[in-house]
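Think of it as A, B, C, D and E in the order they're written, each chain with its own count starting at 1.
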Amino acid sequence: MKLRLKHKFAGFTLDLDLEAGSGITALFGRSGAGKSTIINAIAGLLRPDEGYLEVDGTVLMDTTRGLHMPPHKRRFGTVFQDARLFAHLTVAQNLDFGTRYAPRGTSVPRAEVIDLLGLAGLLDRAPNTLSGGEKQRTALGRALLSAPRMLLMDEPLASLDSARKHEILPYLEHLRDGPLNLPILYVSHAVDEITRLADTLIVIKKGHIAAQGPLRDVMSDPAAVPLIGVREAGSVIEATVQSHDADGLSTLRLRGGNLVLPGVMAAVGTTLRLRIKAQDVMIARTRPEGISALNILAARIIGIHAGAGPGAAVTLDVGGEQILARITGRAVSALGLEVGTSCFAVLKSTAIAQSSIGR
Amino acid sequence: QPVNSPPVTVFAAASLRDALSEIATKYPAEVTLSFAGSGTLARQIDAGAPADVVILAHRDWSAWLSQRGLILNGTQTEIAGGRLVLVGAADAPDLSVANADTLLAALDGGRLAIGQRDGVPAGAYAREWLTDIDAWDTLLPQLAETDSVRAALALVAVGAAPLGVVYASDAVAEARVRVVYTVPDESHSAIRYPAAAVTEAGRPFLTLLSSPAAAAIFAKYGFTP
Amino acid sequence: MTLDAVAWEALRLSLWVALWATIIAVPLALWVAWLLARKEFYGKSLLNALVHLPLVLPPVVTGYVLLVIFSPNAPVGATLAAVGLTLAFKWTGAVLAAIVMGFPLMVRAMRLAIEAVDPRIEDAAATLGASRVGVFTRVTLPLIAPGILAGAVMGFAKAMGEFGATITFVANIPGQTQTLPIAIWTALQIPGGEGKAAAMALLSCAVALGAVFLSEGLARRVAVRISGAS
Amino acid sequence: MTLDAVAWEALRLSLWVALWATIIAVPLALWVAWLLARKEFYGKSLLNALVHLPLVLPPVVTGYVLLVIFSPNAPVGATLAAVGLTLAFKWTGAVLAAIVMGFPLMVRAMRLAIEAVDPRIEDAAATLGASRVGVFTRVTLPLIAPGILAGAVMGFAKAMGEFGATITFVANIPGQTQTLPIAIWTALQIPGGEGKAAAMALLSCAVALGAVFLSEGLARRVAVRISGAS
Amino acid sequence: MKLRLKHKFAGFTLDLDLEAGSGITALFGRSGAGKSTIINAIAGLLRPDEGYLEVDGTVLMDTTRGLHMPPHKRRFGTVFQDARLFAHLTVAQNLDFGTRYAPRGTSVPRAEVIDLLGLAGLLDRAPNTLSGGEKQRTALGRALLSAPRMLLMDEPLASLDSARKHEILPYLEHLRDGPLNLPILYVSHAVDEITRLADTLIVIKKGHIAAQGPLRDVMSDPAAVPLIGVREAGSVIEATVQSHDADGLSTLRLRGGNLVLPGVMAAVGTTLRLRIKAQDVMIARTRPEGISALNILAARIIGIHAGAGPGAAVTLDVGGEQILARITGRAVSALGLEVGTSCFAVLKSTAIAQSSIGR
């Protein structure tokens, strides 16, 4: 997908040029940054002052040529920030609204979606009687069942509890990776959702692009830390499932060693993506003994990036993978850390959230 | 000329408008004219309308009023009369003889416009005439009845109906129609405009209406004495 | 206070005329209402004003204008007659008069309903693959159903009550154009006809109230579905 | 085609009557519309039907009914006359006739607007401290302003055009009750009066169109504020 | 506040009895649990089948006596899940809507609220042109400026970015603690918001109360872990600011020792509430040396609660404070941990989120 947009509202200007591969692209940015406006332009609901959109080599919009493919032809199933359910239809009818427009052959298993979203008991209900989260789930189901060519999701999980979120996220991954191979554009404030899902990360700031690129590159760029939020920054690494152990833990192999994590739901041999928050990584000069952390990896410091505050972002090389650690400046001096220092990265087994493990 | 001439309000049948407006100028005091259909006028008088004089287009309604004691006894008078004519389009030929056959032929499948047979006076007269010449039953399916004689005239004027039965006074001013036959007076009850005073204040105007000056004006607008 | 054959015949005709007027006018009014609510075009204000005209003009004038336009001698009337559609002195003309007179009422009700629909809901339908027609029939139309119903009832009621334009345009032909209001008026033109007029007026009320009740019932069902039992 | 003093006088009177009818009917219609849209009460269907009646009955009948109720001879009319309010055969009666005839149109428009307001927005206002009256005047009323405006325009237009009920109820007295439609009808009663009638009809149209344009302009300003310039 | 509620919707029954003190009470529960319904009943917008509500000794609702104080008399400023802005008013007019009903004397500083919520540039805008987060902020401001007797907030920060959240949270604390002393009922899915703010925590499950009590009790109850979510569980402890150091770190004293944290915005001597997530605590048998974690506290194990999965919740006594640690079962056996074992709790300085520090 290639998108070029220029649009002016009184007091706000959107001007950007973005490129997203297949898979899941995350749009990240503060409130009012322009995320929903971008979604609307891509869906075909907003005619920008200037714009160009190309998907899979087909040009869908090109204001210079007056080209504007109408939304229904684009079939970019959209989950809006507000649910926008059809008030005159039941939940079931809302869910089925788009199915008749789905191209022959492509079908999303209805029962599975209903089950996943916990909508089974609500099928006959009027949207007006639903709770906030129920509305959002119905809207999500409706978009999924329309078998869209691409999914545009504007904070689709914002009003869901984390348990439900963690049921839905793997399903989105499945849509991306499964037979549907569905590209997804995903707006979220929640960094753990993004890092779990996204292949490409685009950070929007006041209508412009502040950073964009493959998730791993953007996330492990110390310069991006302030954009993403100090507490959410971290690195994304790849690991292969090596074994599932009797005590419920799984062992994963990464380039620099092994990681032991609470049971990972993936077959042995699968390669997973792990997000390791910088603040979950400790650095030790000597290998700590008698500590509950099961993951201690030999590392070498390849960068120290002192921030504005009392913290420092330390980039570690762990057998070729980069891992970001956020520690205090006081610890940096106390331990005498500098570029080139050999050390150990200490990670708690439980510190790597299930939600940040993506396939 | 009446010595004592108070301002009056006259409720009158709509077809008298131009004639009455002119007569009113001869009255030394202010005259307020209110025009409507005869039935409406009669019911308004019944409801206590502020009328001093009432002039209707049909005897039935004036009888209805006097029966109810709504008009001053002895003031009833017929101030003018009219003639019934058959009108056709401007290029229509004269009809020398009027009977069921000639009328049907002239209509040529079209309709005969008349005022509503019971409610509109002109329609009631037309019905009497057609009954008199034994054409009523034959023509019944081909009638177009209207809510006023003016509407009947309009139907002929715009060509919606080939023929219509109206007053001679109506035909005078409409250029798009011509009189193709004048209905004999004796074939229907006399066309009279009954007037009466509703209040004492109405008497002087009633007197004016019966004057020769008024008669001349009525004649000018196509009414008969 | 008895109802004679004339009254029943007039009632039958009135119902027939009102039904047809409603059936024909609803889609037309809907289209105009939609244009006025959603589109910007040259002459929009004029169209809007035109729609309101029959409300402003005395009905007799409207009837006279119809007569002038659709009389068999006039170009429009002649053309229609050539394709077999005669309006003058026919119940079809009564239908036309009822449509014209009821149009402002219908358009207003529908327009208000359309303006109350959030276009973002329609946008959502489009992203799910619904074409413009699909969005209209599957989303807009059901959402404005109460407004359409309201407009239809107004149109039906007006058609049941229309007098001035009808009698001027198509006269008073029993069985063809003598609708209930015309029959009532006719009765009132005869001294002592009040009883008969009242009986027919009551009949007219009864029918209209039936229609109003029916529509309220329908509207309630639609509304319950939309707003939910809260 | 010239306009004489009679025409201007009729126009003045019509404007006067329509203005008063609109001013009086708007709050009344709003209240009835609100009752019908928001309240459940015994006799609601009846009220609803009653509001629709003037639409269904031939205007002459409505006028006749008004005459019977408000004539100086009838109890109601006599009582009103005692307190100094005479209706029959006065411009005040023309106002009443216009109100009655326009009522169904006004109530419908306003009711549709009220039904489109989300009660949850009103709830929000209540939690901020606004009493029922506060909620109504500061939230409901501005939100339904377009509907009130639409209703007012319909009522005004109808009042400008009302003929049958008016002439029956208050007669055709120049300067008192001869409104523009009645003057037009009177002109049409005499052969050759078409020209004068047409001139007055055009005048009537011009005024009504002015009102429609004005209201559209107002409505647009209100609507822009509500839906935002998107 | 005392609340007793019974209400039935088709397929859903609310039946609960809850008590909340002053300060901030959090309602926590999954989507569809009944949180918004409770808020509506308290605000006076829903007449429950049976209900009793008493606030500060005044009975506002008692269905047995047919008592139902109307919403405007209750003046419980409510921030709804959907913003419910007045479409016919500008943002400024929306904000000022409730001010005229505010009792004389109580006033919330307008400029401050506008600034806090970042609404200064939007004051003349129509609500329809706002972004999702901007709407939510306006709704929040509107409720604040109405100077309510109590604030009811239904997921008020769900569509805000975390930077904005972290600006707003301290303000809510200020409302609670400052001169206004405003009680707040706060619905949220976000445990870190709740633990930061709440004094009382009420967990709702399918219309019933699953747990309720002072925040610290509920949070450090290992049995509540599955209700709150494994990854969010943790303990809440109190600590006093002791010094602010030159390198930007602050030292806090707690009963069992000192904690060093990145700069805390509170005067020396202030007592703060810290939330320590169980998964951020490591356990070591011997005091680790040469490690970047600055906080190593002597502890004694007072409870081990093995969960269903591979994890275990270990309750530590740190000088009288209870701290919950979540480690793997494997580590428990590897380290030979059992009740009574002396050990060290290891916490990273950066692991205690600013957002979980409350006053």
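Criterion: contacts are C-beta pairs under 8 Å (C-beta built on N, C-alpha and C of every residue); 3 or more make two chains touch, one makes a residue touch a chain.
It should be emphasised that the depicted structure is a prediction, and the values quoted were computed from it without experimental measurement.
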| item | value |
| --- | --- |
| Touching both chain A and chain C (chains) | none |
| Steps in the shortest chain-to-chain touch route ending at chain E and beginning at chain B | 2 |
| Inter-chain pair with the most contacting C-beta pairs | A-E |
| Longest centre-to-centre distance from chain A, chain (CA-based) | B |
| Centre-to-centre distance between chain E and chain C (centres being mean Cα positions), rounded to whole Å | 60 |
| Interchain centroid distance [CA atoms averaged], chain D/chain E, Å | 56 |
| Separation of chain A from chain E, taking each centre as the mean of its C-alpha atoms, in whole Å | 26 |
| Junction residues of chain E, two or more chains touched | 82, 129 |
| Residue numbers of chain D (touch at least two other chains) | 60, 64, 188 |
| Per-residue overlap in chain B, given as positions that touch at least 2 other chains | 43 |
| Pairwise chain contacts, counting only pairs that touch as defined | A-C, A-E, B-C, B-D, C-D, D-E |
| Chain D residues touching chain B - in the complex, by the definition given at the top | 60, 64, 67-68, 71-74, 88-89, 167-168, 171-178, 186, 188-192 |
| Interface residues, chain A side, partner chain E - complex | 9, 11, 29-32, 35-36, 81-82, 118, 121, 129, 131-134, 137, 154-155, 158-164, 189, 191, 229, 231-232, 245, 247-249, 260, 262-263, 279-280, 282-286, 288-294, 309-311, 325-332, 334-335, 346, 348-351, 353-355 |
| Contacting residues of chain B [partner chain C, same complex] | 37-39, 42-43, 60-61, 63-64, 111, 113, 116, 118-120, 143-147, 151, 154-155, 158-160 |
| Sites on chain A touched by chain C in the complex | 43-45, 70-72, 74-78, 80, 82, 84, 86-89, 97-98, 100-102, 126-129, 142-143, 146, 148, 152 |
| Complex interface listing, chain C residues touching chain D | 45, 48-49, 52-61, 64, 104-105, 108-109, 111-113, 115-116, 146-147, 150, 153-154, 157-158, 160-161, 163-164, 181-182, 184-185, 188, 197, 201, 204-205, 207-209, 212-213, 216, 223 |
